[in-house]
Each structure stands twice: as C-alpha cells, then as structure tokens.
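In the two complexes below, chain A is the common chain; its partner is chain B in one and chain C in the other.
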Partner chain A sequence: MNLFGFALGNLYRRPARSSLTIAAISLGVASIVALTSIAWGFEASWQRANDARGTDLIVTRIASENAMPSPFLADKLQATLKGYPHVQEVVGLLSEMLSVGDNAPPVFVFGWEYRSYLWQHLRLIDGHLPANDTDADIVLGSLAAELLHKKVGDSVEIEGRQFLIRGIFDSPAVVENGAVVMTLTLAQQITDKPGKVNILNIKLDDHASDSVIDDFKTRVRETLPGYLAITSGELVRKNAVVRISKAMSNATTLIASLVGALVVFNTMLMSINERTREIGLLLALGWQRQTIVKLIVSESVVLSLAGGLAGILIGIAIAGGLEHVELMRGKIEAVFSMPFLIAILGLSVVLGVAGGLYPALKAARMLPSQALRQE
Partner chain B sequence: MRFIASAVLALLATLAGQSYGADGSDLPSPAALAETMMLARYSAGFEARMRISSVGPDGKQSTPFKVAVVGQIDSQRERLAISGISPPSIRDHSYAAERTADGRIRVIEYGARLPADLLEIEPTTRVFDSALVVWDMLAPWWHWPKQISGGVDHVDGRDCQNIRSVTNAGTPPIPEVVSCVDAKTRLPWRTQLFDRQHILLRTISTRRTMRMESGAVAVRRLTIADADRTVTDVDVYSGDEHYAISAATFAALDYAHPAAGQAAP
Partner chain C sequence: MVRIENVALHFDDGKTTALNGISATVEEGEFVAIVGPSGCGKSSLLNVIGTLERPTTGEVYFRCQPYSNIADASLFRRQHFGFIFQSFHLIPTLSALDNVVVATIGCPGPAREHTQRARQLLAQLGLRDRIDHFPRTMSGGERQRVAIARALINNPDLILADEPTGSLDSVSTEQVLGVISEIRQQRGITIVVVTHDPEVSGRADRVVSMRDGKIEPGKEYRQ
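Now for the complex of A and B:
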C-alpha cells in the first residue's frame, strides 16, 4: 500500500467525521461558487444587453451608481453629442423597475426611442414591434411573458394605464428577456418624466477607433459638466448592484475559506490526537518524520478536495435553482468559467494544506516512546 | 440648486442632506437641528412614487394603491401635489397642499375636471383613506419656534436625537410632535404625533433608506402605526430628484379659496 492509499484508508476508518468535514467544506465552497457566478452573471447580462444593442458608448450622469442612472433632460445634450465626430446615432433610454399588474413582482420597463437601432437586436417570437411612437403598445421579453402569463393581444396594467401586448421577443440578454419594452415617449408619459432619459446610447460609425472613443470621453468630460461618457463595460462595473454583489461574493470567499481551513484543522487535530499511539508505532518502525507530515497533509488535502468538488456541484445546482425561482427569473443569470472552477479546486487544496500543516507537524514532532505510552 | 434630499422627504422631512459631523459629544441644539431638517427638505422640484398598503387591527389587508408625490419646497413656499396612479378608482383623484404665509396648511382635493370638482378639505385628511396624512407630509413642526431636546435615543439599534416640537399658536390639528433624528444623515428614524391630551395618534418609522444621486440619504420605506393598531407601509419605488414643475402642477392651489367643505365656484 502506498502513502496515498494509506491516507485514504485512514479517512475510511472514520466515515462519519470525514463525511461531516467534507459536507462543511462543500457548503462553504458551494456558497462561493453560487454567489460568485451570480455576481459575474449579473455583470455579464448587463454587458450583453449593451453589446447586443450595438452601443459603443454611454453618456450618463457622473454620480449615477444606482441600478439605472438618474433621469436627466436629453434634448440639448443629444443635439450636442450628435455633432461629435464619428457619431452615427444618439439614442435615449429610460428604465424603471415597475410592477406590471396587481400581484406580479416588479420587472424592468425599458423605454427606447421609436425606430432607433436599439430595437434591431430583438428577435420577435410572436407579433410585431410597436407600430408608432404613441400608441399604448408594448413588447414583452419571453421570460416576462412567461412570468406574467401573457401572450400577444393580452393587455397589462402599468402605472395605472392599460397597454396592449403587441409582440413577444427573445434577446441575447436575460435582463431584456425579463423586461417590458415600450417606446421612449410612452415610458416618459407613464413615469411623468417628459423629455428625460437615464442614459444616452452612442453608436459610432465603422471608422471609429479606440482613440476616437478616448477623444469622445475627454470631450464630454471637458465640455459637458456633470456628465460622463463611458463604455458599457465601465457602466456595468460602476453599477452599485454589481459592486455590492461582487463585494458580497469576495466576503463570502474569505469567510468560507477561513471556516473551511478551521474545519480541516479541527478534524486533523482530533484525528492525530486519537491516533497518537498509531503514529508513535509508525515512528518506532522507522517511518521518517517527513513521511508522517506527508500522510497527515495528504489526508487533509483529500478531505478538502472532495469537499471542493462536491461544493462546486452543489454551487452550480444552487445557482441554477435560483435562476428558476419565480422572484429571480429574468433578473439573475449564473456564469461559470472553467478557470474559476479550477481556481476553486486550487483553493480547496490550499485549505487542505493550511488546515493540515500544523496537525501534521505536531504529529511528526512526537517522540515514539511518549506516543506509545499514550492511553 | 438645493438638493432634493427632500424628495421623499415629502413624507415627513424624512430626507437627508449632507452630514455636518455631529457626534455624541457635539450634538447641535434642537433649534439648529430643526432648522437643518427644514433646510434639508428644500427642493426646486421632486417626484416620488409610492406603493402604499395597510393592514388593519383585525389583520385584514386593504387594497394597495400607488401615488405620485410632487413637491417644491423653499424658503418662500412649500407645496405638494399627490396624485393617484392605481387602482383605477383613484386614478383621477389628486390632492394639492401648501403652507400659507401664516403657517397654516391648506389642502385641496380635486378630480380630473378642474376647477369644477375642487374642494378645500381639512389638512388632517388621510390620502385615499390610508394612514398617510397630508399635514404630516409637509412636516410643519420644523417651523414651530419651540423645539426642546429630548436627549439621545435608540430606534431599531440606531442612535438618534429626540426633539420635541410644540406649538400653541392657533389651533393646529397636532400640537406636539416628537422626532428622533439622526443628526448625521438628517433622517427622522421615528416621528410620534400627539394630540392636545398628549395621546399618541400615530408613529412614523423609517425602515429602509437609499442613497440618492446627490449623495443624500432618503427614506425608501417607512411604516405608519396608527393608534388603532392599523399599520401602513409606504414604499418609494421610483422618483426624480430634478422634477420639472409646470404651471399645471399646482394649478389647483391657484384657484379661489373656498371655505372648507364647500365646492369651488
């Protein structure tokens, strides 16, 4: 039997303790995986929404760090921005979280300028896009339609007004699939924000290079006080919800890592205390102290690695389950990456080594004569 | 332009402004704090949309409704317009309120056909029969000359400074208000309103806050607990810190001043 087999055998000898340790580690790892994947998914979804729309730059208010920036009057700013080099379109967007109907959870309601490029990425599953700027027609994302149990031709109540569902669409972004989209004019009417938008989407022509984008940003910063031009990625990273969810995921990683290391430490310490005579015997038989360290650390690494693997699977299942909870559907999306999952396994190994090192050294320092006297 | 910290402040001076660094050893005087609370409400125009739901003493929940509150508050005028959004039964009903030069609160109730269905009503009228009272929303007690310190208190684990505002001038519907104010954020964590016999009429508590674009902290959710044990939740779900006040916004207040309870000409 080699050292690894010997270590596995030691763990099998105490199945209850080994299972509980693995369960504790796996719960910690699962919370890391689930929270991190949701935080990344939230960022990725907003990013995809902006990328799918074909927006190169976004102009918004400087202090805006809310889920959607605060509304501002768009007219003059829009005219100014249209005069910038390489600008093809400047399109206003207004967004609110509103309840649709009496008992439904709030959903994103987007107002997009009628016939602007923002509409082009939507793939209609059924019906049509709004026929004009002012009719009370809306389109629903596929997830929103499913959540609200609505189809084309039905009507919904938003902010006290009835709207006819004219179409149902699919979008590459889950945020949009869970949303209601109407023309900007209508959105401004129902929210009593005439002429206001949250952000201005800038579409540049095909000749716009990175330096054009940088020049655009500088120009806005220097000539339009109170406003900021940023890429969609920068807007998403500034988003308070993204920042909070990332901070939560980092905090969870830290806490779960500490707890995981302590759990392994405690288990291995108890294990060597119970096996004092056995370790003493091994030393008396001529085992080197280095081999004892390797044995104990191997046991702790096996425990944490098993916990890590189980935790990844549980985390993926939790995140996948949360995506399908009615309240969350269309609002969250879990994103997993192979490097992240490998890093989690690496973290598990580190936890195993960190948690097992002191017990291993303690075991290796034992004197065989004293260890064999232990009852 | 001053911050709207008052945006939601419409509801009780509940808004905040900038911190002035008060700590336990350096508490401002009650009069100074009252003035700060008053100034924190200043706004050239704001809108706050609210979802309101009540649970009666018997545990029965009334139909929730939504209103939009538009306000304009400065040293010259304090005006609010409250419009029903949904359900349809309140859609065309509105209230407009102002603080007059003599400190009185004037409230007008009106419908879609101004000035035909305009009526001046009591300032203590409840908005759409909820626990939300128009008089409370204008927080007139911060103007009262008598502001007495009630010492430091804790509300839901948060430190705040009690201020007792009292008036004997005229016949105010509420002569005494005790507010527990967070001096840093200028949020009233708890506001208690008493009648002339010092009987508690209702308690308004801040439950959740939000940081606005201006950096100020505003109330996101509050609870109004009535003496009859009816509990009303007010949830601010949308707003605009820079609402453009139009001539029509407070038009109802500009019509003739009919006597209370009589229809306007």
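Now for the complex of A and C:
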C-alpha cells in the first residue's frame, strides 16, 4: 500500500459520499461540455457554410448584431461593389427561420440569387436545382427532407404558399443540411422583403491577394457609410447567437467550476472532521504534514477527476442527444476537440486541488495529541 | 537517553495544569513504568516525551538534543519513537498488514521492502495467519499486537506505550506483556509505559509514581 492506494481506500470506504460528490461534479462538467460543444458547433457550422459557398468577403450593415444581419436594400450597393477591383460576383442572400408545413419545427429558409456561385457547393442527392428564378421550386437539405418527411416531387407549404420540391442535397454544413433553399426572388416575396438581402457575398477573382481583401474592406469602410466588409469568420464571430452561446458557455463554466470546487471542499472538510483521530494517529506515527496534505489533495483530485471523466461522457451524450431532438435537428451541431476535453480534465484537477487544499492544510495543522483525544 | 528538565504543561490559557515542574531521566535500554491515579499527568508526560505535546516551560532532551531545536517533530517521531495506545488506534478499513504498513508511507525505501518487513513483524508477533484480517474480526490482544508491530516497523529507539493493556482481558494482557518482554530482549529497545496495571509495572526496571502533575518524591523505585 502506498499513499495513493491509501487515498483510494479512504474514498472507497465512504461510497455514498464519494459517489454523490462525483455525481455533482460530473453534472457540472457535463453542462460545460454540452454547452461549449454546442456553442463551438454553432460557430463551426456557420463558418463551414460560408466557407463551402466560396465567399471571400461579406458586406453587411455595420450595426447589425442579429443572428442573421438585418436586411437592407441591395440593388445600388450591389452595383457599386461589382465595380470594385478583382470582384467576380456580388450575390445577395436572404435568410429567415420559418415554419414549413403543419406541426413541423421551424427551419432555416435561405434565398440565394438564381444561378449564382452559392448553389455550386451543394451536392445533389436527388432531383435538380430550381429551373428558373420565379417558379415556386425549392431544394431541401437531406436533414430537412428527413425532418419534414418529404421527397423530390412532394410539395410543402411555406408562409401560405405551395412549393414543389425539385431536389434534395447534401452540404458540408449542418445548418444548410437542415435548411430549405430557394431563389432570392422567391424568398423576398414570401417574407415581404422585396429587393432586400441580409448579406452580400463577394467572390473575388483568383488574383485577389490578402492586400486586395484589405483594400476592399478599407474602401467599403471609407466610401459606404453604414456598411462593413468582413470575412465569413469575422461575420460568424460577430453573430449575436454565437456570442450569446459563448457567453452562456463561459458563465456555465464559471458557475459549474465554483459549485464543483465547493462540493469538493465540503466533502473533504466533512471527511477530515470525521477522521480527526485517524489524522492525529498518522501524525503521531510520524507522517509529515506535507504527506497529510498530499493524502487529502490526492483524495479530492481523484474525486474531481472521476467527476470530470464521467461529466465528459455525460456531456457528450447530452450534446449528441440534443442534436437529435426534433426541434434542434439541423440547427445545432456539437463539436468536441481533444484539447478541449483535456482542458476539462485539467479543470477537474484544478477543482480538486482548489477544493481540497484548505481541508488538507487544516488537517495538517492538527495537533496530534488533541486529534487523538477527539471522540 | 531522555532527560526532562523542569517541564510544565498548561492547557486552557494556564487554567489547567497537566505537568508541574517535572524533572526525570530515562536511560538507554531501560523499561520505565509511570504509575499514578487518573488525571495525574502520566499520559501528558508521555506525550511530551514523544513530541506530541510541546511543554509550556522547561526542556526535554533526547540523546542530548533539546526538543526546542527540532525542526520537524513528525520526522523526529518517525526516526526515534514508536507509540502504542490503550485503544489500539487501528484504522478499521485497513487489514492488519496495511495497518502496519501505513506507518511507513512517506518513508524512504521501496514500498515492497516495507511490506515485507511488516509481514515479518506480524509473523514474529504470532499473527502470520491474521495478516489479511481486519481489526473488527480480531481479538483485543491481536489488535494490540498489530499496534505493537506498527510501533516497531520504523525501528524506533524508544517505545512509548499509554495503557497498552488497559482494554485487554487477563489472557490478552499476558500475551501482550510477553511480546513486550521479547522485544526488549531481542532489540534492547527503551520502553516507557504509562499504566494502572500492576502486572505491567511489575515487569518494569523502574517505576515512577505521579500525582497532581508531579513525580511523587520517595515513591520512585527500581525492581
């Protein structure tokens, strides 16, 4: 038996308390893992959607902080931007979250300019893309088709208007897989936003360098008051939903960490109070005070690490489960990274040390003769 | 080996006096019994000798080293002293073997060697078949022999025993006293015992009688 074996034995002999402490920590860690992975997934999914479309820059309203930037009239601005150097295409995009059919959860509806480059990254699984700008034809992401129980040739009702499903596609981004895509003209009609877009996608030619992108941004800032040219990554980070979800995940991390440390602190404090005579005995046997500290901190770190590991597994399960909840499907995606999971385990160790340090120091400061007299 | 010079020990901000100006010596290899009525300060004196209590005034020397100069009392205890208590103080969730090994945690040397030495000690004390048993399944005499093995595991120079037979029946008392006598003969360890039991004090080289925190003059005798 060594110090670590003795510490494990001490936890094993109080199974109910050890299990409850591990459960409390694991729930906190699970909430961190689930919320953070979804926040990251949300960001990553929108980033992938923008990247997959091949957009180099996005022009949007400068003050827009919504999930999708506020709509604006595009015609004049679009014409101006087309005159900028190296610009190949300027394509409007309108997006809304709409109910499709009866009793179906709302889905993203994207309106893309007909025949623009935005359509090119979609991989058609079945059917065709819309044949023209005005016919009431749409294409569905594979996940949206599954959610709505629709196939090519079926029709769906959106905002009181019937649309024919012309095709079903796959996209690298989960937000597009869970979406309905139609032409911009149709999207403007059904949302009563004629001529308006949320963003203008800019595709530059192959000769455009980083300095061209910087010049473009500067020119928009200086000559188009109220508008902003940013990269898709900057747009995603500016997105209010991404920012709120990240803030929530940070707040959860902070609260769960505090609660976790307090749970460990309480458990270890109760434990050393119950073991006063035992600690007095160990001191009388010649255990050095730092060995007592190591023992108590080892116990608290084992508890918090076990809670951390269980919490990671529960968090992954919760996030995975939320991805498949009907209301959430196609809108959220959990992203886990090994560095993040290792950081969570590191956080668990920190919680263990933080929660166990004071009880450990208190135990180490005991006077052996007094501790041995304790009933 | 141990020299105690005018040691006083007060508790509760001086309201309670446990030791009141004690001076005494313990020679190398000696077996000293401290006797006296309950509350006379016997255990407090043992605690002071064993560095479990720091005297309020006075000084204690171990092989000429003053206790006030000891930087790490825990390490000093481990290097020089072995304790035996009336209520055994075994850890209920550890086996007999682990109750002995626990005293070696943090000691230099491989854990395997410590465990091997603990096995040998328990076997020497007649507990070869009880090594994996837990305290609740052992008799009082067996438990106290485990505690004696624990006191011996770090090869102490001085055994400090506080009422080692206080919780034992006459058969177990005889067993434990036999073990203590054997240890003395084999290892030549110095022993200081606090006891009410004439059976125990009868085996000591010297008996010191205490009353009201003081050594009673004229009541110290050699056997």
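The rule we apply is simple: the second predicted complex is superposed on the first by the 375 of 375 C-alpha atoms of A that agree within 3 Å, B and C clash if a C-alpha of one lies under 4 Å from a C-alpha of the other, contacts with A are read in each partner's own complex, and residues count from 1 in each chain.
Keep this in mind: a contact is a pair of C-beta atoms (placed from the backbone, for glycine too) under 8 Å apart; a residue touches a chain by one contact, two chains touch by 3 or more.
What you see is a predicted model, and the numbers here were worked out from it, not measured in a lab.
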Could you tell me whether chain B and chain C fit or clash when both sit on chain A in the superposition? fit
Have a look at where A:Gly153 lands relative to chain B and chain C in the superposition and call it first, second, both or neither. neither
Applying the touch criterion given at the start, work out whether A:Gly346 contacts chain B, chain C, both or neither, answering first, second, both or neither. neither
In the superposed arrangement, which partner chain does A:Met97 touch: chain B (first), chain C (second), both, or neither? first
Name the contact category of A:Pro85: first (chain B only), second (chain C only), both, or neither. neither
After lining up the shared chain so the two structures overlap, which partner does A:Arg61 touch, if you call chain B first and chain C second: first, second, both or neither? first
Applying the document's definition of touch, where does A:Gly321 land relative to chain B and chain C: first, second, both, or neither? neither
Between chain B and chain C, what is the shortest CA distance in the superposition, whole Å? 56
Check: chain A residues flagged as touching chain B and also chain C none
Enumerate the contact residues on chain C facing chain A in the complex. 47, 50, 52-53, 72, 74-75, 77-79, 81, 83, 85, 89, 91, 93-94, 98, 101-103, 105-106, 111, 115, 150, 154
Enumerate the contact residues on chain A facing chain C in the complex. 1-3, 6, 9-10, 12-13, 277-278, 281-289, 291, 367-369, 372
Touching residues of chain B toward chain A in the complex: what are they? 47, 49, 51, 64, 66, 68, 84-88, 91, 212-215, 237-238, 240-244
Complex contacts: residues of chain A adjacent to chain B: 61, 63-64, 66, 69-73, 96-99, 102, 106, 157, 159-160, 191-194, 196
